[in-house]
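Order of writing sets the labels: A, B, C, D and E. Residues in every chain begin at 1.
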Amino acid sequence: MTIQSIDLLTLAPTLVVALGALAALVAELVTGRGQVAVGVGLAALVAATPLAVVASGEQTLCSGADAACSFVVSPLAVALQLIVLVSTAVVLLMASADVTDRTVPGGEFVFLILCSASGAVLAPATNDLVTLIVALEVVSLPTFALVALRRGEPRAAEAALKAFIFSIVSVAVSLYGISLLYGTTGVVGFDQLASVATLTDPTPLGSAGLVMLLAVIGFKIAAVPFHAWAPDTYQGATVPVAAYLSVVSKAAGFAALLLVTWTFAGWSEIWAPIVAVLAGLTMLVGNAVALRQRHAVRLLAWSSIAQAGYILVPLAAVAGSVVWGPGVTGAVIGYLVAYAAMNLGAFGVVAVVARRTGAESLADYRGMAWRSPWLAVALAFFLASLAGLPPGLIGLLVKVRVLIVPVDAGVWWLAVVMAVATVIGLAYYLAWAAQLFRRPETADNEGAPERLAIKSWTSTVAVAVCLVLTVAFSLAPSLALGLIDRL
Amino acid sequence: MSSSWLLPALLLVPLLGALVMLLAGRRAEPWATWFGVGVQSLGLLLTLVVLTQFSQAQSGSMQMVVEADWIPELLVDFRLGVDGISLPLVALTSLLGWCAAVYTVRRVPEPGRARAFVGLLLLLQVGMLGTFMALDLILFFLFFEVVLAPMWFLIAFWGSGERRRSANTFILYTVLGSVVMLLGFLVVMVDTGSADMVVLANGLGAEMSGGAQLTAALLILGGLAVKAPMWPLHTWLPDAHTAAPTVGSVLLAGVLLKMGTYGMVRIVVPTLPDAMVSIAPYLAAFAVVGILYGALASYGQDDLKRVIAFSSVGHMGFVLLGISTLSVVGINAALFGNIAHGLITGLLFFVVGGIKQRTGTTTFAGLPRGLYAAAPRLGFLLGFAAVASLGMPGLAGFWGEFLALVGAYHPLVPERWFYRVMLILAAIGMVLAAAYFLKVLRRVGQGPVPEAQLDDVATDEWLSWTPLVALTVILGVAPFLLFELTDPAVRVVVESVAGALP
Amino acid sequence: MTAALLMVLIPVLAAFVGLLVGGMSRAAAAVFSVAGPASALGIAVYLAVQEPWSEPLVGTGFGGGTLPIGATVVDGLAVTVALMVCFVSLLVQIYSIGYMRHEPRYSSYAAFVSLFTAAMLAVVVAGDLLLLLIGWEVMGLCSYLLIGQHWEQEEARRAAVKAFLVTKIGDIGFIIGIVVLIGATATTLLPGAVQAAVADSTVATAASGLILLGVLGKSAQFPLHAWLPDAMAGPSPVSALIHAATMVAAGVYVVARMYPMYLAAPAVLTTMAMIACITMLGAAVVAVAQVDLKRVLAWSTVSQLAYMVAALALGARDAAIFHMLSHAFFKALLFLAAGAVIHAVGSGALRDMGGLRRAMPVTYATMTIGLLALVGVFPLAGFFSKESVLVAAEQATQGEAEVAVWVGWTVLVVSILTIAVTAAYALRVWLLTWSGPRREAASGVHEAPAVMWVPLVALSVPTVAFGFSALKDGWLPTWIQATATEPLGTVEALAPEAATIGLSVVAIMVGAGAALAARRHESFDRGSEGSFVARGFGVDAVYEALVVRPFLVMVGWVMVFDRSAIQRTVSAVGSGTLRAGGLLQRPYRGDVQRYVSTAVTGVVVAIVILLVAVAT
Amino acid sequence: MHLSLPLLLSVALFGIGVYGLLVRRNAILILMSVELMLNGVNISLVAFDVYWADVLHAGQSLAIFVITIAAAEIGLGLAILLLLYRVRSTIAIDEVTQLHEDAS
Amino acid sequence: MSERSLLSPTGVDIVFTLLGLVAVAAALLVVTTKQIVHAALWLVVSLGAVAGCYLVMTAEFVAWMQVLIYLGAVVVLLLFGMMLTRAPIGPSEELTGTNRVVSLFAAVAVTAVLGVLIVDAYATTMIDVDGQESTASVIGESLFRYWVLPFEALSVLLLSALVGAIALSQSDEEA
């Protein structure tokens, strides 16, 4: 029995994260202190980050002469892994306060989130459908537990259940899709599938399989019509977990989407129109419903649905005259990088505010500029970035970068839909920002101490990291837009 | 060139000023407005240096150009420069910014918060100046967008009446416009592979196919037309003006509107000449409808600020008419009209703001009559500004409009007789403009002598308004001062269009 | 800086300084008010003695990216009119010191008068079309400001706006005409543009016709005359200024200035002649029916201006200028005298006057001279100047003009008729003001102060003497055409002829006789207040129906359209999006089974659509 | 044997699973329905594996993975259900609707 | 592998069809029965029949896994779940919701679309069940030869599910 050769250094980012998960669990068991688990988890993530960069271009777990490898670290994969690693670290920082006040059990929490992250690190480097779908399961299954773990929130279980059911159904559908693709081609490796897709026309069954495969991706990135779970689940979960779902889990989904679309680039006439419709619906529905939100986390949930729609646009444009390539992936990755920073930042502020004042509804944010001016400015900046309004330059520039693709491809309706959606989006971000700077309703509120003065410097650090990144991206947008070229 | 630090400095000064305001704590509140004056004075000083360094002999080409790679992924370079077309607008922006800062010292509108107010004004300044100096499509777009958030804050937080609604309408409407404009830019960039405005204007844009040019031109013009605003895309303007605080209105009318028409001259006309030649008559028609509509609508308003807002629609109609002729005279007229409207409408909004501060209202129903007697100097300034605005020869407002008509007599495009009809209609619009301003003066300035006196123009008000009055007169009797600056640059632009004619 | 330009700028400067110091000291304002026109008069005299002018046109025109303003032309025509303008306006300023003694806003008033003078001078010496435009429009503005001097009175406010807007309507044509001239000739220099236009009869006709519209407005000719009678709401010296030296003279002057172009457009000349005839007789008839002293004079101005326009139409530019000058003197005299009377009586209504002969001897004497000159009685200036117009008409009947013979006949007949009517209303005014018993309102009347009656006397001098210039054969035309930038080629004598003298004498007798005969009729005092004729043949109503009402209706339409169509569309888009958000929000009731069913259905639908699409 | 037989069986199980998924109220029954769907997937995977005589045995391997995944899902799913039952005393899916869009 | 019509069954076909019918019938009962415990039992039948199908297709290892994990673990877990959530023992109308029509429609649509596609593609395709051998050793070798990575990933998945389930079962007791 020959076992595939294993290059541990190439696999290291994934391994470090997975082992870090175990270490965190053990550390908490040994010390009995949740913060230690958080520290271990952070250390693992921080250690994995340079390793991911080092591994760029490597591949391992190759089987013999046909050289089909299970683990291939393309620049694209590294970029996604970096997003995952850094974002998870930020989420851990945010969640550290939850661990401190035992809203969540520390060891288990860190273990689960790192398990999930290891899946997300693995997913972009997979090289066949089997590993990909397993990796995606690794990403999502622990998150349901994470959602349900929240103590003192009776709706947490409901939130977890919704995501769970949605997930297993979409996985089942996708698995069926994989089986059909496997049936029509006889292979599951991306390279082999790609050559089949290039050489042959899509069969009806293969097409159906491809469409069904998109289901799980749709679920992960919360694209309409696979999005309905997201607002409910985000609301029921702790804010850091919601942030995790909206960034890391989505990044894994986009990793899968990029891999699948690359593999089936030859069949783009099948998936591109579907992705285009998904993108259009997601942008419009996401933004339109977000308009009506009065709950901060729900608003961010719908906003992240809408944002996913923007990220889909470059891929959707393959329906036109552009081909899958650097022009498309650069846009997707660029947007994802910026999105991770600004969206985590917004969630971070919401987490801090919820912790300090118990604020949930947008109305509670009124006069925040008086109570905590820096946080208010930071949140306004993140919202401006999400909206794509200067001074949130990076948000604007990645939107421009994304919009170029459909214009280039001649997919006009999509460009127009995105334009309209952006304008709708601006409305609700602004409405929220307006609340921040409105005078507090009672004058004595000015400078008054927070109701629940629970401060957590780690959460603040998380916000600061996001702020620094977003500002840096705004000043030097190439850091985000050109990330993939540097790896 | 050794003066290449000037333009970045011009942007950096207000930007750093805004940052200082952001970082300074509450302790900065007492000196914030003075700080604003200092920064704007420095900016104005730099602008004067730019004016002296600027070589008028070469005003047809870009000067003091600064170039730096910025975002290669988007073809975006950080490229600034000024020529005869942009320099007057830069100067106007610096001047109005300074006036606004001086005015603010003693008159921070309700609810105070001078630090934020000044910071936003400085940020606004960055966007406005940047728009006029940018030589890269995306950079232009970015600066174009930079003004939105500060202006939104100014209206939504320091405004009056339905300020929040107006601010939202303003920003959503104009963002829709600028997104459409962006689509047009992207068409150009995708087609030519360049975002360099100079290269595009010097023939690269003209190499685009007719269809692509037309698409791009319609999109870009559509976006800029919202900003200008061109009828029927003007709806955001009256509401925004009514709600905005005084300096907000001044800068909105004085500078922001110009960004639209400037963009047309700077980008659309030279870059997309073929498309422009075929669109021009339609643009002229919309412009003339705007002139007449603006005048008629102004007459029907019951609020001073709304009257002025609709008068802007009319005045910008003349600017658009000038552009639509594509002739040297017409485009010169448009640029002149931009500046003149900036000075005069700026002054009008200052004066109306002063009236509002004293009486608490701007509606005809609420305003006391007989301002000429109640506050003779304020009344005089209102009369002066109104007369300048209605196009009195000898004051700045006239030449832009008159030469737009001259341009329309000899348009570069073949539809000569159509333009002559437009000419007649536009001239009728000039008379209608007189009607509504006389109505305003009759209603506000004249009337039974009031018993109560109002505070007359204060020293700080004189200080901030006098430059506008003076320039209105100077440009009115010596319009060549400006034309000599713009003309060489306009000739370069028109040459590029002339090549597109059969 | 040429002397001519200085002549324009010094009154402007005086106006500004007067305005600045006027707030502090009334006397200072008065000094500057006089200093402006006085210096201008000095420069005008200086220019006059310079004759012959070496280079009449100074300045450059439009082109090469610059737009220079301020080219001036100094020739006989300009200098002559400038002298008259400065003279009259100086007297008006002096007179105003007394007349406006109790006026609280005297300093701004005096400044506006100076500015008014400057604007007129700018028109007079304008060597480029842009300076002409500036002067032309600033004059309109000053008339608005001065008519509205007593803006606390509704009547004054309305009259001011009316004066501005009616002349502005004419200015649509004027501005377009200038645009056509500049556009077609590619120069802004007035003589150059006119010469170039002469070469192209289409341009000449278009430009002169369009500019004529502006002239009709400024010179108060039918149908744009309606503002002038209402302009009586302004103080009397202002009326003197408007009716004599500035404003109304400007229209006639501009035609004279561009005369070669008009001569190249016979159709326009014919139109002018017809308009002049209608205005001449119509205004005179209306004047008969007036109740108010100043209104009679105002209508008489309209009528007399028509003589000048008629002369211009018949090719007799110098006759027109002659009448303009003499009219300026006697009409200024009449208005200032009327001002003195009204000042003394406290009312402008004729029925409140009467028997003032003894109380105001100087005013009585000067006004009588003025009225006689108006009627055209030998040997006053009005006689000679009017005769020169009649002679021109008579020559036109001989086919010696650019226009058809019938035009000449029409003008001649109407002119004679108008002389009769003029005699009638002049006599009526004289009788009602000076003879008969004194009325209650005029009990304590006494002579005006010296500062007011001295200008009256000063104006009487040229009113009496100026006419004799016509006897020196060809002196005035030669002077006017000296160093002309647009020489007309012929110098016509302005001397009267026996035939026309006879006709006008008969006409005067008939008119005066009619007035005397009607003296016992009760409406002789009261006029026919409110009647169709007194209201100017209802022209105002026509305006109301054709201009004001449609304008307001359109305003209404635009308002409705703006609110209900454009704004509503915009807000409907906004609220529609919000509503769509609400509708889209509805399905999310928290039931995960529904969520899932949507997703599954979505997949199935996607597959079906895709396969159908691929299959077809 | 016919390839279509296992495939039709797989479709039938998958379809039945979908029906149960959408129609059942009890969450445990929904989990069962999903199991039926996954079994449908597995049959098809195995059938294709045999059909292609795949040397990698990708189909069968994935089928085994799916079985494992299903087990993990059930384990975690039941834990969530029990938690839900503890706080809400019901696992009827249409009663678990506390989180939803606010009606407006 | 020879092509044969669907209507010319071999012995294997018949066996498979019978097992398939059992599986389908049991599955139908799972989703329709009014007694929740019966559903679990019918699930056992159905899954067992499917295991038989695997055997017919020579997928021996999968079959054993099916029996071990599904019948041995999953169903037991489900039964525990029913107990702990106090599932009604007798017949209950509340097991099925009201959206039967929609559900039926969706299920039929899925089945029909996929069924049509499958028949369209493979109506005459045969598979060779004789020459294949998918014993535990064969599959195991391929697992460790080609599928190490997903296998390892699965271990993470299982572990996290385990920890997650434990954490959840404790979660409220501590708070």
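What we mean here is this: a residue touches a chain if its C-beta (ideal position, glycine included) is under 8 Å from a C-beta of that chain, and two chains touch if they have at least 3 such contacts.
These numbers come from a predicted model, not from an experiment.
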Each chain counted as touching subunit A and subunit C at once: B, D, E
Chain whose mean Cα position lies farthest from subunit A: C
Greatest separation from subunit D - chain, by CA centre: C
Separation of subunit C from subunit E, taking each centre as the mean of its C-alpha atoms, in whole Å: 101
Length of the line joining the C-alpha centres of subunit B and subunit C, rounded to whole Å: 36
Euclidean distance of C-alpha centroids - subunit C vs subunit D, Å: 94
Euclidean distance of C-alpha centroids - subunit B vs subunit D, Å: 63
Subunit B, residues touching no fewer than two other chains: 172
Where subunit D touches two or more other chains, by residue: 7, 14, 17-18, 21-22, 30-31, 47, 49, 51, 56, 58, 61, 65, 69, 72-73, 76, 79-81, 83, 86-87, 93-94, 96-101, 104
For subunit C, residues that touch 2 or more chains besides their own: 582, 585, 588, 590, 592-594, 596-597, 600-601, 607, 611
Chain pairs in mutual contact under the definition given at the outset: A-B, A-C, A-D, A-E, B-C, C-D, C-E, D-E
Residue ranges of subunit D in contact with subunit C within the complex: 18, 21-22, 30, 93-94, 96-101, 103-104
Residues of subunit A touching subunit C in the complex: 161-162, 165-166, 169-170, 173, 202, 204, 207-208, 211-212, 215, 218-219, 225-226, 228-229, 231-232, 269-270, 273-274, 277, 285, 288-292, 424, 427
Complex interface listing, subunit C residues touching subunit D: 582, 585-586, 588-593, 596-597, 600
Subunit A-facing residues of subunit C, complex: 577-578, 580-582, 584-585, 587-588, 590, 592, 594-596, 598-603, 606-607, 610-611, 613-614
List of subunit A residues in touch with subunit B within their complex: 330, 334, 377, 384, 389-391, 393, 396-397, 400-401, 403-404, 407-408, 415-416, 419-420, 422-423, 426-427, 430-431, 434, 437-439, 477-478, 481-482, 485
